[in-house]
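My questions will all concern the structure given below.
Residue numbering begins at 1 within each chain, and the chains themselves are lettered A, B, C, D and E in the order written.
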Amino acid sequence: MQRIGVFVCHCGSNIAAAVDVKQVAETLKNEPNVVFAADYPYMCSENGQQLIRNAIKENQLTGVVVCSCSPRMHEATFRKTAEESGLNPYMVEIANIREQCSWIHKDRMTATAKAVVLGRAAIAKVRLNAPLTAGESPVVKRALVIGGGIAGIQTALDIAEAGYPVDIVEKKPTIGGKMAQLDKTFPTLDCAACILTPKMVEAAQHENITLYTYSEIEEVKGYVGNFRVKIRKKARYVHEDLCSGCGVCTQKCPSRKGGNEFNLSLDKRGAIYIPFAQAIPNVPVIDTEQCLKFKTGKCGLCQMNCAAKAIDFSQQDEIVEQEYGAIVAATGFNPISLDKFGEFGYQTYPDVVTSLEFERILNAAGPTKGHLERPSDGKPPKTLVFVQCVGSRDTSGRGKEYCSKICCMYTAKHAMLVREKYPDTEVYVFYIDVRTPGKNFDEFYRRAVEQYGVHYIKGMVGKVYDDGAGHLMVRASDLLANEQLTISADMVILAAATEPDKTARSLATMLTASMDTNDFFTEAHPKLRPVESPTAGVFLSGFCQGPKDIPETVSQAGAAAVKVIGLLSKNKLKSNPCVARSDSLVCSGCSNCEKVCPFGAITYTEAEVNDGTGKEIRRIAVVNEAVCHGCGACTVACPSGAMDLKGFSSNQIFAEVDAICR
Amino acid sequence: MQITKTIKKLVSEGKADRVFGWKKGELGFDTEPALFTEDFDSVVYNSLCGANLCKYMINETKKDGTVLLLLKPCDSRGLQLLTKEHRVRREKIYALGVPCRGKIDVDKISDKGIKGMIDIQENGDTLTVVTLYGEQTVPRQDVLYEKCLSCVGKEHVGCDEVLSPELSEDTTVNDRFAGVTALEEKNPEARFAFWRSQLSKCIRCNACRNVCPACSCVKCIFDNPSSGMDSKANADDFEENLYHIIRSFHVCGRCTDCGECSRVCPEKIPLHLLNRKYIKDIHKLYGDGDEAALLTFTKDDAEPSVVYERGEGHA
Amino acid sequence: MRKLSSDRMSELFERLDSLCPLYLPGEKDGAVSFVRYEQGVDYAVGALNTVRSAKDFFFPQVENIAAFRMTGKKIEILENQNGNEPFVVFGVRACDAASFSLLDQVFLSEPVDPYYRDRREAGTVITVACGEPDTSCFCTAFGIDPAEPKGDISVWLTDGFLYWQPRTDKGENLTENLTDILEECDGGEIKSYQDTIKTIANQLPLANLNLSYWENTDEKEIFASPVWDEIYKGCLGCGLCTFVCPTCQCYDVRDFDCGETVRKFRCWDSCMYSDFTRMAHGNPRKTQKERFRQRFMHKLKYFPENNGGLVSCVGCGRCVRSCPQGLNIVKTARRVSDD
Amino acid sequence: MPMNENGEFTPLIVAFCCNWCSYAGADLAGSGRLAYPAEVKIIRVPCSCRVNPTFILRAFQKGADGVILAGCHPGDCHYSTGNYYTRRRMTLLFSMLEYLGIEKERTRVEWISAAEGAKFAATMNDFAAKIHELGECKRLEDLRCK
Amino acid sequence: MTETLIPMIGVITDIRLDTPDVKTFRVVGRDGKKCFSHLPGQCAMLSVPGIGEAMFSITSSPTNKDYMEFSIKKCGCLTDWLHAMEVGQEILIRGPYGNHFPVESELKQKNLLFIAGGIGLAPLRSVINYCRDNRNDYGVLDIVYGSRSKDDLVDYREILEEWTADERTRVHLTIDRPQDGWDGHVGFVPDFVRELAFDTDKTVLLCGPPIMIKFTLQKLLEMGFAKTQIYTTMELRMKCGVGKCGRCNIGSKYVCKDGPVFRFDELDELPDEY
């Protein structure tokens, strides 16, 4: 049986003007279990709090009800007050008689009567309150960044700089990601490699950063502060620690059939290769699909020529287990496959390329050494047609409904670069809208139009075809002129829509992080918590959360790093004690609660229970209190009522309802 | 009998060591669920085997060994649900689907004024009812259970083996949702009167709950004094409403529409009309995917105001 | 004995209802139950038995016992006004009428249950002989004669006439008020009607239920019978059989918080329910087997032991008809005794 | 029927408000002194998805005349997905209540953000007006509580 | 006897903390008098509206004409509530229920051996004090009482100050495990009973947790006691208290009416379902 104290605040005249506070205190004093009731001008003042503290001690109160302003205002204050007198802070309930009573009801009788009812509801609730203690769990002071593109690198660097060890896991043989494949960056036109490679080197050399390249996440267990991750280091067949990066092996390799991924297969590479000159680590990898040694058992030229004895055909995948306090997803993006967009002839005509391919064509380290040559015959193109929104903003179901965000700007960049280097070309850009909301973006676009004379045509390309004489013809509509156009083009460059990397989906499952229908990671709150996933301890960096350009990616990467640093700086995590709790005697183990939990806080275990009819092994739900946020979705999904929410238990809410409806 | 042969074969092959099926009852026309460890010749399967056996598996699979379970098409969906919700150990069951051409509701025969019934013989589409006063014939279709007349389908799901599926017959004559639609078309006062009249007959015997394959909770909230919801008796009309509203809500998205609730009700309350209302709404609002409707969502689901905006007497 | 032409039955009902509230079997939404008589309510003459038994009149499913108000440390008892206004039930069958004497054994033995007693005193029972006992009937196994039902007044409904025989003072008193419409007769007319009933009753498949094993075997021995391990298997653990049974009388006493007051009420309970005997630290009847056994041991063994051999069953056949899984007392009694 | 001193029907309305949006919206209505009837009594829940249909039925049992749930706008849930479940649960439940003949205007779900103090007050005013129109709730009451 | 199911109001006039989880409550009617008279071993139903109702042994002796006492262990909703009560609180009480120890017949002039474990002393205390108050009607009283620890011995003060004062009463205390400040016997009750090697001329009254009863009975039988010499009292899910609600039966016997006091030979005839 509780001993409850009721404290009615005047809030100066804020409450007292509309509510007869003395009467409220007196009426509530007659409620069962109430042993003390008082009113005071400012309950939140030091004197008011002292009044509460004294009353708790003198009356051995086990529960406190404060009738005052909104709990959103002073619940924390009064909980602390109670704690100072040795009462569990969760034995305090607030009756909101200011915002929800005195401020909105003018009639004194009405407001007083309502204040009494609200007080009664709070008393009814506190009668069923139980002391709650916030759980604590230690924090492993190490972070994992999944993805080694600019987002991952930046996040890792920022975390490492703050003094915490951080591991980057990259599935490709090198870090660098998409940005490494870019030629110039908009709107400044500085060289991507020039600004990225120093960061790559920095990441590689940082004492707090460990790189796991050519590696994938195998398994994620645990929860915020205590993730246990298995990383699969795929066999490179080259020992990283022995390899000097001389590159002799790559030259000696007789196989030359492998498409060079870095150049999007616009040229070929050996079976043993370093993705690109500035790759980090600068260690080759063997493509077993192409390698003669693997295919036929004969060859081994590379091994013979390796002075460092780094090549090992018998190397196996290796599983590394590591514990982390926080995980950052930075899995990036890819252009979509254009299989469904036959009208652009991408599959048919070699001179129809994607923007990313074009990026490589323009790049000095690319397949054409930076000379603008068309893939079919290596001749310099004279007429170039850029098509925007290929698959973006597409509601037909073939592409993506969202805007890929970066295409308008890189197309302007490409057009501008072409026109600057090759003034004798004609460049057309077909667009639905040109979107330039960014610093110096619209200026950049206008330069393309005004200074470089790029022909921007509002309209969509209907078909790219061969006129029979070996000329690519582009049929399009000009919506502004309201006419059909046919342009004979030497090259067509398609701004393919972007999509999250395919591996993100399985990763999200492992992380129990939610994804939207486009497979972008969902943020914990779209406005207020954009770099956190709803799963505690999992953070989002870069394109995997939504389309972003480089500066946005870098700023989000930094933001994610700050969140990680904030988490890792704690020695222990205090969890919200108002979390779900499963009654093992009642739980049927049906898994319904697990299915609605947005945080993956519920797992199942086979446990021995005895509900009075004998011992039995049952499958029962277990709530991980460190992961549960206390939303209560599970409590309604549970038909047996085994799942309840501490601090907002069903019986407490019933009691409130009963008190209000009395 | 084909079933007996199959059972004996499966048991001899070690697929199962006991059988859950039906056996003949005390009268010529009743059957009862039973466990057989031997004497498989006394396993009975005929048109009088209306009971759904899948829920017995909750207790049965706690024991050692494998049970051979006879399942009608509608029962197989119940077993699927129990499996999905981890309420049975599926690996301890050999699920043998048996054909179904609808089951006979003995009460419907009585309702025809036939008294002193002592046996029922089935000849194709005609039943011969043997009574103290002589024999009478009844068209089989006339006396099928309500649940069989609006059957979801005769396809077994998730069985290890289905015996002679070609012997199953579609018995559906009514649109499954016709009863729901008819009620929806009434005005709220008429609906209220209908349900108040029906539900006030309830004696809270809990047969509907205890037979329901979706009501498989270890402890029902209505029986749990600490749930704050326990209500054992029909102490008030409200309790009836509460019990049936909440029970239907708890099986919402999980109900397999096997019709057992209505079959077992001694007061003949059409409880399936509650469950089917949810099923109909789910189909209409969320499509008829197999995932439980309350355990998932889409971002553009209908707002609760669709109910509010619906006109009176909507269909 | 008196009689009345069948076409004047509604007149009789009108008269009875004008004397005090009359209840009789009527159909409601496809199920027959005792309903309050009013104009437009048809007597379900063809229905053999109501879904629920007539015990509800004396031992209702729920009844308020008292209410309490708590203020501070004080408790106030608000006595419950349990109405014991006179009422008449028409159409009770011989089996249900016999069940009352079994219930009397429980509720009218010391200490007397005042709620039951009051209702018993207030109610006048008019029984109706069963013209056509049906397959599920086996009242004759308990010495009950469906052709000669007990009660305050017995009624026979033959072709064309209603025959009326008061049996108790209460019955006589009621008949006094009806002499103007009930004409005197000698009762010889019903003899052949009764003979037909007896002939049918003797042919019924369950009527030959033999309980000698139960009478002559020690309770521990029956209790330990291995048959129990098998026959409960189909039992759902619902309370259907207990709630429709005219002789089941287990109850629970509970509180309901109405806000201002707390109401204490009594409601039916079922020994088939898993929580019937649950205590804080365990349950002596752990599985459905024990609960199932308890129900039949009680009816067929414990009750007779405590009540001079009276079996707590009247053969109404409700459990035979309504058990969803086809279990019932006849089946159990026979299988345990290997009959 | 509960009446005020003027003989007007004073209904009882229970409002379940999620802590993060609607309860804050109610606070904002308060600071803006936007009046709504005192018969609306708010119960704070962490998320609208905490509201069990049994709470709603309990309120009606104990004599409430209307029950309203208020939560974050879909997509804005503090717990990201809670109100999506609320939406499905309540849509189906309300449809069932209507099917049982309970006046559908007695139950409502509204999405009210922390910034929508005015919407909170307007919603409560509108809901209360509707309940005034409907009068006392007879169909889901428990006679023992009257 | 109060009317079936309708309780009367009792007032708590004294609360004594016996052990960390056992309190003894003194109850009188509103008029300050004892609510009803009873016999040793009988029970009463105590309840609090909205909280619950349960059967408790009346621990005070019928010879006490002023009030009744109940020693109650905290173990659930109702008992939690009762433990939080203060003096002056009203509760509901009805009774007395059940049979009683045959103090006026079989037990008369006998040497009695009381064996209790933990809260099991509560029902026996009524008999012990009854015998002490009618001292000439009974022979030697041996009381074997054991508990988990010294602090868990109910009525410890009364035992020390009053019971031991009588020379024809011998108290044998034991606790389960050694403890500072305890120089008495250490060990479990069944073994202690065996060690004490009582003559079999005594009539035994045995009460305690089921496991203790089981083993003590075994030892007693080994020592040569007959089942007809041993009484116990049972507690079993009682609700109505008058043998009508149907849940407390063991075979054909109702614990609330035909019990709670049983002789072991009587229990032997009943099905083993308790």
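Just a few scattered comments:
As a convention for this text, a residue touches a chain if its C-beta (ideal position, glycine included) is under 8 Å from a C-beta of that chain, and two chains touch if they have at least 3 such contacts.
All figures in this text were calculated on a predicted structure; none of them were measured in a lab.
Among the remaining chains, those touching subunit B as well as subunit E are A, C. Summarising the inter-chain layout, the chain whose CA centre lies farthest from the centre of subunit E is A.
Annotation: B-C is the more contact-rich of the chain pairs C-E and B-C, by number of C-beta pairs in contact. The distance from the centre of subunit B to the centre of subunit D, each centre being the mean of the chain's C-alpha atoms, comes to 36 Å. The distance from the centre of subunit A to the centre of subunit E, with each centre set as the mean of the Cα atoms, comes to 66 Å. Centroid to centroid, with C-alpha atoms defining each point, subunit A and subunit B lie 46 Å apart.
Averaged Cα coordinates give subunit A a centre that lies 68 Å from the centre of subunit C. Residue positions of subunit D touching 2 or more other chains, listed in rising order: 53-54, 62, 75, 81, 85, 89, 144-145. Multi-chain contact residues of subunit B (touching two or more other chains) are listed as 221, 229, 235-236, 294, 299. Only residues 1 of subunit A touch subunit E when the two sit together in their complex.
Residues 80-81, 84-85 of subunit E touch subunit A in their complex.
Looking at the complex, you find that subunit A touches subunit C at residues 30, 32, 612-614, 658, 661-662. Across the complex, subunit E meets subunit C through its residues 1, 3-7, 9, 49-53, 75-76, 86, 88-92, 236-237, 239-240, 242, 244-247, 249, 251-252, 269-271, 273-274. Those residues of subunit D that touch subunit A in the complex are listed here as 12, 14, 19, 23-24, 26-27, 29-31, 33-36, 38, 41-47, 49-55, 58-59, 62-64, 75-82, 85, 89, 121, 145.
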